[in-house]
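The next part holds the structures, each set out as structure tokens.
One chain, subunit A, appears in both complexes that follow, with subunit B as partner in the first and subunit C in the second.
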Partner chain A sequence: MIGEVLQILVNGLLAGAQLAVPAIGFTTIYAVLRFPNFALAGHATIGAYAGVLANVAWGWPVGAALLAAFVVAGLVGVASDTLVLKRLRPSGSLTTAIGAAALGIVLENIIRFIFGNDPLGFDVPVLRDWRVSLGTAGGLRIGPQQVQAAAASIIVMAVLFAFLSFTSSGRMMRAVADNPTLAALKGIDADSVARRANFVAMGLAGFGGMLIGLDTSVDPLVGARVVLPVFAAAVLGGLGSIPGAVAGAFLIGIGEEMSTLVLDPSYRTAVGFVAILLVLTLRPRGLLGERAL
Partner chain B sequence: MTIRIPRRTALLAGLAAPFITRTGFAQSETIRIGSLTPQTGAGGPYGPAMVKTISAVIDDVNAAGGVLGRKIELISEDDETNPDAGVRAARKLIDVDRVVAILGTWASAVTTAVAPLCWENKVMLFTVSGADSITRLPHQGYIIRTQPDTNLQSARCADFMLKQGSKKVGFLSAQSPFAVSTYEQQSALLKAGGAEPVGNVIYDGAKTSFRSEIDQILKQQPDALFLNGYQPDLVVLLRELYRAGYEGRRLTPAYAANDKLLAALPPEAVEGLNAYAPSPDISSPAYKTVQGIVRANPDPYSCQTFDHANLAILALAKSGIASGVGIHDAVRSVGNEAGTAIHGAAEGVKLLASGSDVNYAGASGPCKFTPIGDITGCKFRFDVVEKGKSRLLQLS
Partner chain C sequence: MAGYLASMAVFAGLTALMALGLNLIWGLAGMVNLGLVGFYAIGAYTTALLCVNFGWSPIAGIFAAVCLSAAIGCVVALVTARLKGDYLAIVTLGFAEIVRLIAANEVWLTGGTTGISNIPSLPRSMLSPMQVNFVYAGLVWIVVAFVALLLGRVSAAPFGRVLRAIREDEMVASVAGKRVLRFKIQAFAVGAAVLGLAGGLYAHYVGYVAPDAFTPLITIAVVLALTAGGTGTMRGAIIGAVLVVTLTEGTRFLAPLLSGLSPVRIAALREGLIGLCLILALSLRPTGLWPETLSKHPSEAS
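Let's look at the complex of A and B:
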């Protein structure tokens, strides 16, 4: 039993690390632009496809392909925000959120139109899991590729924290997130900050989408499958809080896996919904509170 | 005495005339047939070819002069492999387009949701879904299914696994209307054959990882697994089973393990995978026609939708009634053993118009139906994957 719980904990941590990157993207946009950008799903899918193209068609190594996923999804994020969402923002965050959900569907179907519905795989071998013996408590299995993905997530998070703390772009984003009026008075150009926030956030979504694609396969629904747990993670941690999104992602990841101990696995999706429900009822600001960007 | 008709009444009568006499010029209208196939979602890989074969049959019949003196018009909708979207699309087909039949529903969940709309509106529903519950709905004869039900499939799969020598069989099933029934039927047959069914883990196919689910079933140490999923989740299952070091047998429906899936996975992860499928009748002339339409070896669904379109049109011609009721009344009598053997609706419509009987044999099989709308039999094929390529093991 202890072995089983530990195994589930490991599975949950690895799943959480995968969720954390797109969840940071989601919460960053919320912090700076104050609306939940559900088009994240479409951007995660675009990142995954950009990664597949780079890796399979052009033979780039996985690291370079991850960079391509980030850059392509980021650029698409800037373009789609400038062309579509920016025009909706004056009508309020609900309108923009609905517009973003629609935009996500459009992006997903553009991908489907170009690449079709069939799954695509990366040009990387599948490795057998590492086995760790726990003596009488059984054994653990840990996927080397999932550990690599988790490591990549952690590196990206570290780079992001450095970006927000030590660069002027990062400080401007935090200033706008903290108090948009004051930031404007200080002469910070809101449009330019919005573009940078979108590039970084959607880049993270694309990066996360490719990590998931590496672990599974790439099809037009890659993003749609993660958008609920990503949203749940961001709400759980407090919308707008990056440390909150990371904590939320791990909690959702572990929670979903843990639920299989007591519930039929087909109810795993319910964990995300229950988490959103509980947080909104008991602590609407989320675990770490908002605006801690 | 003169009858005075007020101007207003006259005006109303004038406006109403076209509606009252509507049947008068309805003869020149087209007969509309709807297709409701998965263009997107888990069934997305199949929908486009399914519509292509339906459209080819209709073009063929129209080129030969149509049926009952009218042209046929195809209205195609996407069910998104999603019951919600399926119902919306079916409503549009029935209420707005006034189709006489809906062809090609694929996922069992979609068919189950759409079926009541069809029988209540007397629209014929032709489906390729496998769940048993579908033909047991109170459909009054308005459902025809060309896919073998799970009973027929389970019997063949259990038999296959027993012949391979499997002793402990585990099941990993995507949430679907047949996840439970398939397990129950196969369990009974496996037990009768001396093997032990060791559990059925039902998972949510919309997840990106199934590690805990796999741990759960592998704890039972099965020597064979029946993977009852769809393509997007089967990709993940196969990859994770390989990572977990599982070395036993794997049997899965071929609609999930198609060539595209094999291409998306490294060969070592799919080596030895067995896939089964109800097989089209590859020796039939109708199958050759479908080959010509899709310009490749057709999947079972495009063969079945080819038959749907032919059966619907032949039934219209046979009954002489341009409605769902007409198809309902005559669909079983266009496969009359005593009639002239035919393999396409265009030739059949001519024969029926001249008063002869026809015996339609399709691309998917003989197309003979039980009273509740199930096919009476068909062929099955079992394949094995070797070095990333699928090879036919047996066809019977």
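Let's look at the complex of A and C:
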């Protein structure tokens, strides 16, 4: 029994760490630019394809391919914001959100046009699960790939926190998120902050997309498959709060694992939805409220 | 060719119905609903199940579809009543995904990904396939006209004025003594009923429902129809729907020009085009081609 509980906890934490990366991206855009960017799924897919190309076609190691996924998705994010979403922002956050959903469909279909619908796989060795004996309480099975993905996620999060705390770009982003008017008075260029925020946030989405691709396979819907738990994590923690998104991601990861005890595993993604309904009914601003970044 | 045009007319009518339903929820009452395809799916599955498993007549099945969609609309509106725009957008988007998830996984009920087939349609023994298309197109457009008239009346009535007041400022409406929650639930339920009606008509026209038919792309197409035509007016919703279906179906005629492309690529082009047009419509003319004209107080008019 204790073994089972521990197993669920471990699996949930590993899944939550992966979920946290794109959830931070989603919440960062909300904090700085004040709209839910539904194009996140499209950028995650683009990152996954960039990673799979770098890994399989050019033979890059997985670490370098993850970097490629981040950079390519980040650049696409800057381009799509400059060309499309920036023009919609004056019409309000909802118009921008709907435009972003349309943009996501465009990106997904650009990928489909180029690569087709057939799934692609990464060139990585299949590793055997680690087994940890717990004596009388049973044993744990841990997938090395999941551990590596969670470790990569935690490294990215650490780098991001350092970036936001210690660099001038990061401080400018926090200033805009906190109080756009005051930031403008201080002479912070909103456009340049928007570009940097998009690069980082969509880069994180691409990174997350490639991690999911590593876990399963890469096809044009790879991003769309995970957006529900990603949105749920960000909303659960309170849109605009990065610590909230991380906490929300871990909660949803564990919740999804627990749900498999009573529900069919295909309903995993529904857990996030139920969780946000519960939280929003009790606390309409999410767990960690509206504090920006 | 004529049969194809008739089937296009059916899909234009279904899109128009959905745009009308969305217009009540979003255009008039100001509640964003990015989960409309979920209600469309509920309508389609309800009548499909009742007619195939219990031998109900299509009319009774569609009636049940409308009632169930309205009831679920009530629940969704009640649960989400306190949520503001961005949060509501996320929750409704999730709602539609959950509906699709259930349709794909509850095999005992919905047949899973294979779906439900042999849904009864118009009596094919009496009509040729071509005639079926024409008669159905006529039927669907009669329903569209009826719903548009009805919702037009609702919109002009005091009820519609209250909805617009809630859309502009919920606080002011409630200070004026309007029970905001009740109005919002009613608007959402009626809108959901219209979406369910469209789903029921779809099921009996195609004769087959499966989860793949209810993707977010439909939501995007309907939002495009409403945005292109102009949110807030019934006329805009209908004209927008005709435009959208002409655009998406019309590209089929380009297929001979694109004969070098694989079917996957052509499908990708068509889906991408819907997204691209919505982006263009939003950025070029956010109010739509035929925007709502609001009567102003004399003091504001100058």
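Some notes on this structure:
Keep this in mind: the second predicted complex is superposed on the first by the 290 of 293 C-alpha atoms of A that agree within 3 Å, B and C clash if a C-alpha of one lies under 4 Å from a C-alpha of the other, contacts with A are read in each partner's own complex, and residues count from 1 in each chain.
In the analysis below, contacts are C-beta pairs under 8 Å (C-beta built on N, C-alpha and C of every residue); 3 or more make two chains touch, one makes a residue touch a chain.
In this text, all values refer to a predicted model and were calculated from it rather than measured experimentally.
Aligning the two structures on subunit A places subunit B and subunit C in clashing positions. When the two complexes are overlaid on their common chain A, residue A:128 makes contact with subunit B while staying clear of subunit C.
In the superposition on chain A, contact of A:217 is made with subunit B only, not with subunit C.
In the superposed model, A:93 lies in contact with subunit C only, and not with subunit B. Looking at the shared chain after the overlay, A:15 reaches subunit B, while subunit C stays out of its contact range. When the shared chain is aligned, subunit C comes close enough to touch A:110, but subunit B does not. Contacts of A:264 after superposition: both subunit B and subunit C are touched. Comparing 27-35, 171-179, 189-197 or 207-215 from subunit C against subunit B in the aligned model shows that the clashing stretch is 207-215. Overlaid on A, the two complexes show subunit B and subunit C touching the same residues of subunit A, namely 109, 112, 116-117, 264, 266-267, 269.
Subunit C makes touch with subunit A in their complex at residues 32, 34, 79-80, 82-87, 89-91, 93-95, 97-98, 101, 104-105, 216-217, 220, 223-224, 227, 262, 264-265, 267-269, 271-272, 274-276, 278-279, 282-283, 286.
Considering their complex, residues 40-41, 44-45, 175, 201-204, 206-213, 215-216, 231-232, 235-236, 239, 242-245, 260-261, 263-266, 268-269 of subunit B touch subunit A. Those residues of subunit A that touch subunit C in the shared complex are 30, 35-36, 38, 84, 87-88, 91, 93-95, 97-99, 101-106, 108-110, 112-113, 116-117, 228, 231-232, 235, 239, 264, 266-267, 269-270, 272-273, 276-277, 280-281, 284. Interface residues of subunit A facing subunit B in the complex, by the touch rule stated above, are 4, 7-8, 11, 15, 18, 109, 112, 116-121, 125-129, 131, 141, 143, 145, 212, 215-217, 219-222, 225-226, 256-257, 260, 264-269.
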